[in-house]
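Next up: some structures, all given as structure tokens.
Both of the next two complexes hold subunit A, though its partner changes from subunit B to subunit C.
What follows is the complex of A and B.
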């Protein structure tokens, strides 16, 4: 029973980070109509931006967090201007190759700049363990989970309650009609990419703090898993993507706890195959793209 | 009277296949004009060209003195052109209320938006009842009302209506044309594309017959309705 509770807790915490990355990934996909392979590496850049700020500017938690968000958002902005916008409405393979190219550049660029191996993260948040009996949770986990929840709530509010958020959903469903009703699709697409990137940057800093290290190749697994979350949920409802990401975190933690941690990374793909076999549009449905 | 919208010598092709081949037409302020034609005659393409959603390779489209051809769609809408798309094309996953709000996307004054939403809900009580439902859950007739209400939310000078009667029950079709007349009565110009010639000619001031991408006939709606050739082609040969 304690193992179950502990693993559920661990799963929700890691799942909340998946949810932030997956939500950004799927927002960019539905609005800019591109599978942004660079999104997980924008996450990685955010992680290093926080690390550098912590090492050179200030050990203040907020400063590190803001640096992570800004670093990632800046790369997202550049990506939108240089790759996504010029390649929009071209063959989908071109944007795909474009973002993949940027992903590889970012990974290897960071590896060359910093180190190809994991780098120790500044300890800007004290690591304290809380717990009752056999269940324990660390202050770093609380920070990680708290930040994710705040960002998911903020993203949810943005998409549902604000004018530009509504436009985001309108573009996702019918870009032509949105444009004909006055929505500047390029502008909304840019805002979306920057917001999604900034969110990924914040999540990345909290993950760096949690594991105590940053790594130039950390993006790959987060990227694949968030892609899987979007496919499993379908891209119609952003809430669905969040739900699937949280569930994936929990499933992974249960598999790690009851079977073996070496099976952990296979869970996502097993779920993907099963779900797509029965529901090719994902659990909650997808827009035709 | 200077025309509100003037299209001259418009050519649009899809991958080298011409859809519109040299169409010229115009519409004045406060008028209803209708473009009649069979499927594939190029009617929707003309609408899309006006909206900047199809790119002509020749010709000119002027609206209120401004050339539209090089403008992006969102700037064209800003000039006062709105759209009731073919088959509605609502945002099915957005609520009725959000569809209406999106119709006034460029309006910065929240009070004005609320006032127009109120106005639409008074005119279409069914939409008010269903304001929190997603648009995809409405019946065909309700969806058409929402599509028309959405188009009016920006307080446009010209509304483009693309086959507003398509796929609707006969009673609803009558409502739609009556509504077009009502909107026009408030000074909004309407350029309509239709296959339902009989009904469309009743509300229109002027009609164009389109065939294979060209205007083959044009004139006052009453005159067009009386023409034998028109009756044969569009009105099933009955007077």
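What follows is the complex of A and C.
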């Protein structure tokens, strides 16, 4: 019973990070129509931006967090201008190859710049363990989960209630009609990519703090899973993507707890095959691509 | 630096990639961009490796079995995916590749997570060269045959192809089976050079490498993917002295090609456009009429109006 509760808790916390990355991934896919394989590596850049700020500027938590968000958002801005915008109306695989090229450059560039091995993260938040009985949770996990929930709520509010959020959904439905009604597709796409990148940057800093290290190749772990979350949920409802990501985190934690950690990474693909067989457009439906 | 010991492995790996990407080219000829190349190559490799290692079969029959098993797997995938939309087809082949990887991971008989080891070394430069020539010859003959033209028709417009009497199902199944046969054989030959098989190498990222070769070189001419495979395999090896930066350069080359040559390095010059350009160059005054010349560039299936 304690194992179950503990793994549920761990799964929710891991899942909340998946949710932030997967949400950014599917926002960019929906608006810019590009499978952005560089998104997980923007996450990685945010992680290192936070690390550098913590090491050279200030040990203040807020400073590190803002540095992570700004670093990731800056890369997102550049990516949108140089690669995503020219590729918008191209074949899906061509865009995928372009962003994959960027991902390879970011990963190996960071490995050459910093180190190909994991680098220790500055301890800007004290690590305190809370617990009742056999279940324990650390202050770092609380920070990670709290930040993720705040960002998911903010993103949900943004998409539903703001002017640009409405434009986002309009573009997702029919880019040509949205443009005809005066939506500036380039501008909305740019804002979406920058916001999604900034969100990934914040999540990356909290993950770096949680595991105590930053790694140039950390994006590989998150990339394929975000992609799977988006496909399983379908990109019509962003809340669905969050829900699937949280569920995936919990499922993986349960598989790790009860079976073995070697099967953990297969869970996502098993779910993908089953769901795509019965619902090719995802659980909650997709926009036509 | 360019001693035989240095460039022999580079040449072998380059030619192996040429065989595999040729298989992918044939598969894609009827419009099916498979993301399961590494998995099909892996199935062929495991089949041949089990025969040579555990049953002491000679090399050539084992490769033949790999070719046949590749064809069977390819035909099987095609049967399932023949009616699927393009995007879903890609996803299904992706999921198939990952599933094969997970299954191989959990079969103890073929080594499971610990890799399949002890495969005898049969492959050398001569073997790979002969195999490459055979693969290219098969693909080249298929490319120009009626069946190859039928496959292109199916790729460009399945409905119109069906209306002119081409069976979409047969064409897609045939190209997938033939392409997978080449891939299976290539995988088997590769296994007898690398000498170990790791289930993780059957997954999505390795399959993506071949897609990159294909799109990089240009998927509308046979020599496109061949050139793509040669350049993208050889470049990282030849600039090994700059080891830290070679993958950055690799990424940069891909991005630059995607941005500036979106149809890949080699393209089939549309005859109409080529003739018009020539005419303009020679100042013939009036361009030659090119009734019904179809622009073959991806996403531009329009008919050029005579000017």
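Keep this in mind: the second predicted complex is superposed on the first by the 289 of 289 C-alpha atoms of A that agree within 3 Å, B and C clash if a C-alpha of one lies under 4 Å from a C-alpha of the other, contacts with A are read in each partner's own complex, and residues count from 1 in each chain.
Please note the rule applied: a contact is a pair of C-beta atoms (placed from the backbone, for glycine too) under 8 Å apart; a residue touches a chain by one contact, two chains touch by 3 or more.
Computed from a predicted model, the values in this text were never measured in an experiment.
A.B. asks: Between subunit B and subunit C, whom does A:70 touch in the aligned arrangement: first, second, both, or neither?
C.D. replies: After superposition on chain A, A:70 lies in contact with neither partner.
A.B. asks: Just subunit B (first), just subunit C (second), both, or neither: which does A:83 touch?
C.D. replies: A:83 contacts subunit C only, not subunit B.
A.B. asks: State whether A:97 touches subunit B only (first), subunit C only (second), both chains, or neither.
C.D. replies: second
A.B. asks: Counting only touches as set out at the top, which of subunit B and subunit C does A:114 meet: first, second, both, neither?
C.D. replies: neither
A.B. asks: So in the superposed three-chain picture, is A:280 touching just subunit B, just subunit C, both, or none of them (first/second/both/neither)?
C.D. replies: Touch status of A:280: second partner only.
A.B. asks: For the three-chain arrangement built by superposition, which of subunit B and subunit C touches the greater number of subunit A residues?
C.D. replies: C
A.B. asks: Of the two partner chains, subunit B (first) and subunit C (second), which one does A:8 touch, if any: first, second, both, or neither?
C.D. replies: The answer is neither, since A:8 touches no partner chain.
A.B. asks: A:184 in the overlay: touching subunit B, subunit C, both, or neither? Say first, second, both or neither.
C.D. replies: In the superposition, A:184 contacts subunit B only.
A.B. asks: Looking at A:176 after the superposition, I want to know if it touches subunit B, subunit C, both of them or none. Which is it: first, second, both, neither?
C.D. replies: So A:176 only meets subunit B here.
A.B. asks: Considering only the touch criterion stated at the top, classify A:166 as touching first (subunit B), second (subunit C), both, or neither.
C.D. replies: It touches subunit B, and subunit C stays clear.
A.B. asks: Which subunit A residues lie in the overlap of the subunit B contact set and the subunit C contact set?
C.D. replies: On subunit A, no residue contacts both subunit B in one structure and subunit C in the other.
A.B. asks: Per the contact definition, I'd like the list of subunit A residues that touch subunit C in the complex.
C.D. replies: Listed in rising order, the residues are 82-83, 86-87, 89-95, 97-98, 100-109, 111-112, 224, 231, 262, 266, 269-270, 272-273, 276, 280, 289.
A.B. asks: So in the complex, which bits of subunit A are touching subunit B?
C.D. replies: 163, 166-167, 169-170, 173-174, 176-185, 236-237
A.B. asks: Across the complex, what residues on subunit B touch subunit A?
C.D. replies: Listed in rising order, the residues of subunit B that touch subunit A are 51-53, 72-74, 76-78, 82-83, 85, 89, 91-94, 98, 101-103, 105-106, 150, 154.
A.B. asks: Which residues, counting only subunit C, touch subunit A once they are in their complex?
C.D. replies: 33, 84-85, 87-88, 90-92, 95, 98-99, 102, 105, 113, 204, 208, 211-212, 215-216, 244-245, 247-248, 250-255, 258-259, 262, 298-299
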